[in-house]
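Look at the two complexes coming up: chain A is in both, with chain B in one and chain C in the other.
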Partner chain A sequence: MKIFRYLKSLTLAELLKGMTVTGKYFFKRKFTIRYPEEKTPKSDRFRGLHALRRYDNGEERCIACKLCEAVCPALAISIDSEMREDGSRRTTKYEIDLFKCIYCGFCEESCPVDSIVLTDIHEFHFEGKDKNVLDKQQLLAIGDMREKDVATARKNDAEYR
Partner chain B sequence: MIWDQIWMVIWTLLKIVAIVLPLIIVVAYLTYAERRVIGFMQGRMGPNRVGLFGFKLWGLAQPFADTVKLLLKEIIFPANANKFLFLMAPVITLATAFAAWAVVPFADGLVLADINAGLVYILAMTSLGVYGVIIAGWASNSKYALLGALRSAAQIVSYEIAMGFALVGVLIAAGSLNLTTIVHAQSGGIFSWFFIPLLPLFVIYFISGVAETNRAPFDVAEGESEIVAGFHVEYSGAAFALFFLGEYANMIMISSLTAIMFMGGWYSPFSGDSWIAQPSILWFFMKTGFFLLLYLWFRATFPRYRYDQIMRLGWKIFIPICIAWIMVVATVKVYRPDWIGG
Partner chain C sequence: MTETTKITKDAIPENMVRIEIDDKEMIVPRGSMVIEAADKNGISIPRFCYHKKLSIAANCRMCMVDVEKVPKPLPACATPVMPDMKVFTKSKRAIDAQRNVMEFLLINHPLDCPICDQGGECELQDQSMGYGRGVSRYVDSKRVAVDENIGSLIATDMTRCITCTRCVRFLDEITGTDELGGIGRGDRTQIGTAVGRSIDSIMSGNIIDLCPVGALTNKPFRFKARAWELMSAQGVSMHDAIGSNLYYHTRQGKILRTVPKDNESLNEAWISDRDRYGVLGQDAEDRVTAPMVKENGEWKETDWATAMDLAVRKLQANDAKNTAVLAGNQSTNEEYFLLSKLFKALGCANIDYRLGQSDFTQASGLPRMDLNLDEVGNNQQIVLVGSHVGHEQPILAHRIRQAWLKNGSKVSIFNPKQYHFNFETFHHYVGTQIEWVNGLGSLAHCVADLNKVKLEGELGEWINAQATDENLNNLAKALVNKDSNVLFVIGQISNNHPQAGLIKAVVAWLSSQTDGKVYEMATGANAVGAQICGMGSQNSVADILASDSKSFLIYQAENDDFNNAYGAQIKLEDADSVVLMASFADDNMKQVADVILPIGLASEVAGSYFNNFAQMQGFGPAAKLPAETKPGWRVLRVLANMLNVDGFTYDSIDEISSEVALLTVNKGEIDTNIKVKAQKADDLVLFNETTIYDVDMLARRSQPLQDTVHASTDNLNINSVDAKKLGIENAMQIIVNQKVDGDTITQSLFANIDDKVPAGSVNVHKCVGLRTDALNVTLIVGDSV
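On to the complex of A and B.
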């Protein structure tokens, strides 16, 4: 009946119902992560900034096979190589253009010696227009810095690969 | 003789400052409270960053940061805008919003101007505020500003009538236009307050007040999704800040008036002689704060009314109900004068 609907609307019942909902939400727990202080947990497979790893004896892993360069869909990696005095093949240049990189992780998957890896660093910036290309020294430095985290993450994830 | 007069002027000016300064601070924190409360109701945190001296203080310094930002910004004049009127409009809005506070009694005797037609004065001041809106919309030389101004002018004028009628009920019940007398008529605990015998008028008054201040859900004048910001779309910097100040001062005004007219002003809801039953300015602040919270609560809850729905609500529902209830109140007042407003 129309008249009952009018009378019901005069009691403001529907409006109060809506206000109860918002009133309840006022006291509910907020799920906001207050970012710089709080952070969400990261997966072991997180693909962040790149790094080149070393063996335990300090020898760099990369053997300049250029598989990563070949597989890179964004052509972000460029490698030059030469024969070192001890007869092994090593890189003279290993550069990653972070503007080109799409963080797909193919380089890491293609690497036969687990040299190039994607660390879980996602907060980084450049302080110049031309600082977007990481050279070999920088990549090795990042690897040295994060070796422990990278190794643990790889170990945790190993059985699922 | 002359010194007495000078002293009176200075004393009055001091009293005005004592009202306006806290009011501005309350307005500043009302914007903060609004963002926090609506954020909480929407499952967010709201502003919680800006603090002082490295302490975050739950973002309590946010209003000051906003104020400084607005004051430092440039006031942009639209092409072919009428500069004089463009600058006058926010001043009119703010002046009328503040002027109405002259007759608001905060506690017994604590009122700047205890005039005997306070209710009429308040209606006059709140009605004058619409000129600021119209002039702002016209002087901006912008179609959106003009549309917004027309919308809010029509809305304010419509709801002014319902509001006026609701107050007619109050003045019949109290038998006076003086706000202090109106509060005195409600002494003696929560059951003597006017919101019980005048319940329909109370609801209509507050809802009309929300519509009058162009707040959600009656904010078609602002209509973020349609005409950006309405009449003040062309305003920036300090001029915009004045509009903001005026709007929020009006919100506080409506809330405090609702507390005075219907919720017994500074009287305690309890009756008796204990300390909690004493009349106090704190009761007035608490009641005003409750209605301010309702404002924010409405905004967090209700979707915006369509324009024809606003007009329908104002003209076809509120005004008839008001008239009917005024008749009821008047009849009761004539035949059973001791039932209302003792």
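On to the complex of A and C.
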């Protein structure tokens, strides 16, 4: 046995084995990507920036049930509600503080009408001290902008939920 | 098996039985229901239709329990206890029954919890968590009900109704108004008014709390908040002297709704609509939230230091003897205490809170109160003297109804208007403001004859002068009957009557003759507290207004609070200086005041009230004070320091409360040895009525209340006989002339022919501006519109 180990070290067999791996990857195609010019694909469940969605007829989905506000572990959401003129239940204020948010996605899970969603937007910045709080108009605007992607992602993921 | 010691047979009293629920032994009253026994012993049984204050309907079937030796599960709310009965609430059979009932209940229930205001505090939601299935097996069509608009207080979503009939039973048994009923059969049953009417009961709001689901919800509160966001703070009614206990529900420091707090000796489990919605007046447009001063006739907001400086200068402008303090009847004891302490120390004697009262001859002490509220039902004969009781103290009306319903009490009434009551009346004497008082005198005359007593003094002479009659003699006979307990209730119509002293004396005399008790209502939520804290002056408010007073401090009061609103306005306009400390300032007050110091309502400050029974009830601040507003006691304390008065070193409200608690409370008495001031009718007699939602600044500003049918109108109500005589038709414009001391007050109103008003009388609401202290009016008929 001892003699066997001795021979193995003498022939540098292990070193060569290691070098073969190195050598193989030296000639293989590189998979480092050049962010931001290049981007990796994202999961349909990616949890990025929030958005409020609308129905096809343009009506906002949110019905001010405040479940997302209640479930949010970071207390990032604050909502005021009232009866709109047509008698429906609507928010008058819907704000998310992105500094507080931990992107857990609970709000999306709790929403009975699929109104609040987390989009796959993960690159964003604020240009002011108080810009970390998104208001209802901004959230709806993000929703309008990304509705197609959001809908496709939800559809793709539907059977696994 | 539990380790409770076995109860031996001998240890069980006569009227009790021994039962076991879930292996727990207990002794409960014979005839009580299983659910009551379980509730008392902390065992929870799910239920929807059962309510401790209502009759048993047993129609929801949620409370199924398993009883030993009974082949089927039984409803716990309708199963009386039996000796040695063994009940299992958690056995497989019980749970299965409950789960099945739950599945049936959910068949027709919509899945709209996210938009339902009851969500988060819903009994159905809670119990479906415990007993419901995860998925529905039901595929057929669901029932949908059309909603009715039942008024400004209650929102309906009848599709959510589970037909437990709690609301129906409440409106039948408690308020006696029968405004809701079930229509249709089986699962098509719908609860509704059937005729598309609104629900007008003055206690209607309680059906919101009773409804286990979101079918009936609070309309002004609609969609404003979720149950889990609300903080609850204990409070005391700000509108009547019963002192109903309640909880204010606040979100971010703002009161959004009010619910009752159980107090068996006062409001039981209910509150009146006035107590539920009155506080919403807090957000009225004329709320003052910053100190204001008037500069060249223009109002300017300023800081507290400037405003206080000016207030002090204004108050010092005149000698304290020529200063008057006039307060409303809704402030806390602590504020009254400081107010009277401060101004008495300054040497001012013109302090009062009874702004709506005309006759002050019997007003030097507390209202006479010979019993507690829960003893009202012990009286076989109840006589209401000048009282629209349901609109004055709704909870007392409820007690009287229960007395009539359960104990067969006979209720007789003397009133200037044919009001509708929710109990049967034994004798209902309706006459003009002068006639009914004379009627009361006639009753006294009959009693005197029956008891063969000699009448003495001015009161005796007056009673003697009243004619006896057969009807009243019957009532007199019932009252002097030794076997019946008699209760006389002196209402607010009497309190504000120009002959209040006489009315009270007659009642006191009657009670002495019939061994009766007297329940004298206080007018205003904390009128009793104001009196105890020394706010009652020797003079009357009219004297104060007629005096040389040149400086005024108006404290949480306004023009509409005065019995002579017009006179008060003129006097304040002529005054050198008027300091207004109040939460609201309407145009009239803004016209006369020089400086306004905004102070908090009783719901926004800590303090206490005395109720009609002289019980002191404390409370903390429920809502945040808006903007610059300060608690009244703090402002008064600083004011005292600025006026260099000693003894104002209080740092906390508790120090003041403990001093208030030490004040002597003398039992209220009524003097029968009085001077009688007879009243004579010249033409028509005015009945100037303070309506249910016009009693104080706050109720007057509560929009939901003002949108109900009970809100006052600018009508002049007149009997059809008089109308015919004068050629008056509905909606005609009428000019009313009221002559008092050479002065004439004229108001133009719209006629409304109403036979509830007795012939020879006209009836208006107080806020139209006529005086309450003079009864004679004449009418000029104008054009019809």
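FYI, the second predicted complex is superposed on the first by the 132 of 161 C-alpha atoms of A that agree within 3 Å, B and C clash if a C-alpha of one lies under 4 Å from a C-alpha of the other, contacts with A are read in each partner's own complex, and residues count from 1 in each chain.
Assume contacts are C-beta pairs under 8 Å (C-beta built on N, C-alpha and C of every residue); 3 or more make two chains touch, one makes a residue touch a chain.
A quick note: this is a predicted structure, and the numbers were derived from the prediction, not measured.
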{"item": "Touched partner set for A:A70, first chain B, second chain C, both or neither", "value": "second"}
{"item": "First (chain B), second (chain C), both or neither touched by A:Y25", "value": "first"}
{"item": "Which superposed partner A:M83 touches (first chain B, second chain C, both, neither)", "value": "second"}
{"item": "Which of chain B and chain C A:V113 touches, first, second, both or neither", "value": "second"}
{"item": "A:R34 touches, of chain B and chain C: first, second, both or neither?", "value": "first"}
{"item": "Partner chain in contact with A:L12 - chain B first, chain C second, else both or neither", "value": "first"}
{"item": "Contacts on chain A seen with chain B and repeated with chain C across the two complexes", "value": "none"}
{"item": "Residues on chain A engaged by chain C in the complex (per definition of touch)", "value": "63-67, 70, 81-83, 88-90, 112-113"}
{"item": "Interfacial residue positions of chain C with respect to chain A in the complex", "value": "113-115, 119, 222-226, 228-229"}
{"item": "Chain A residues within the chain B interface of the complex", "value": "12, 15, 18-19, 21-23, 25-26, 28, 30-32, 34"}
{"item": "Footprint of chain A on chain B - complex, ascending", "value": "37, 40-45, 48, 203, 297-298, 300-302"}
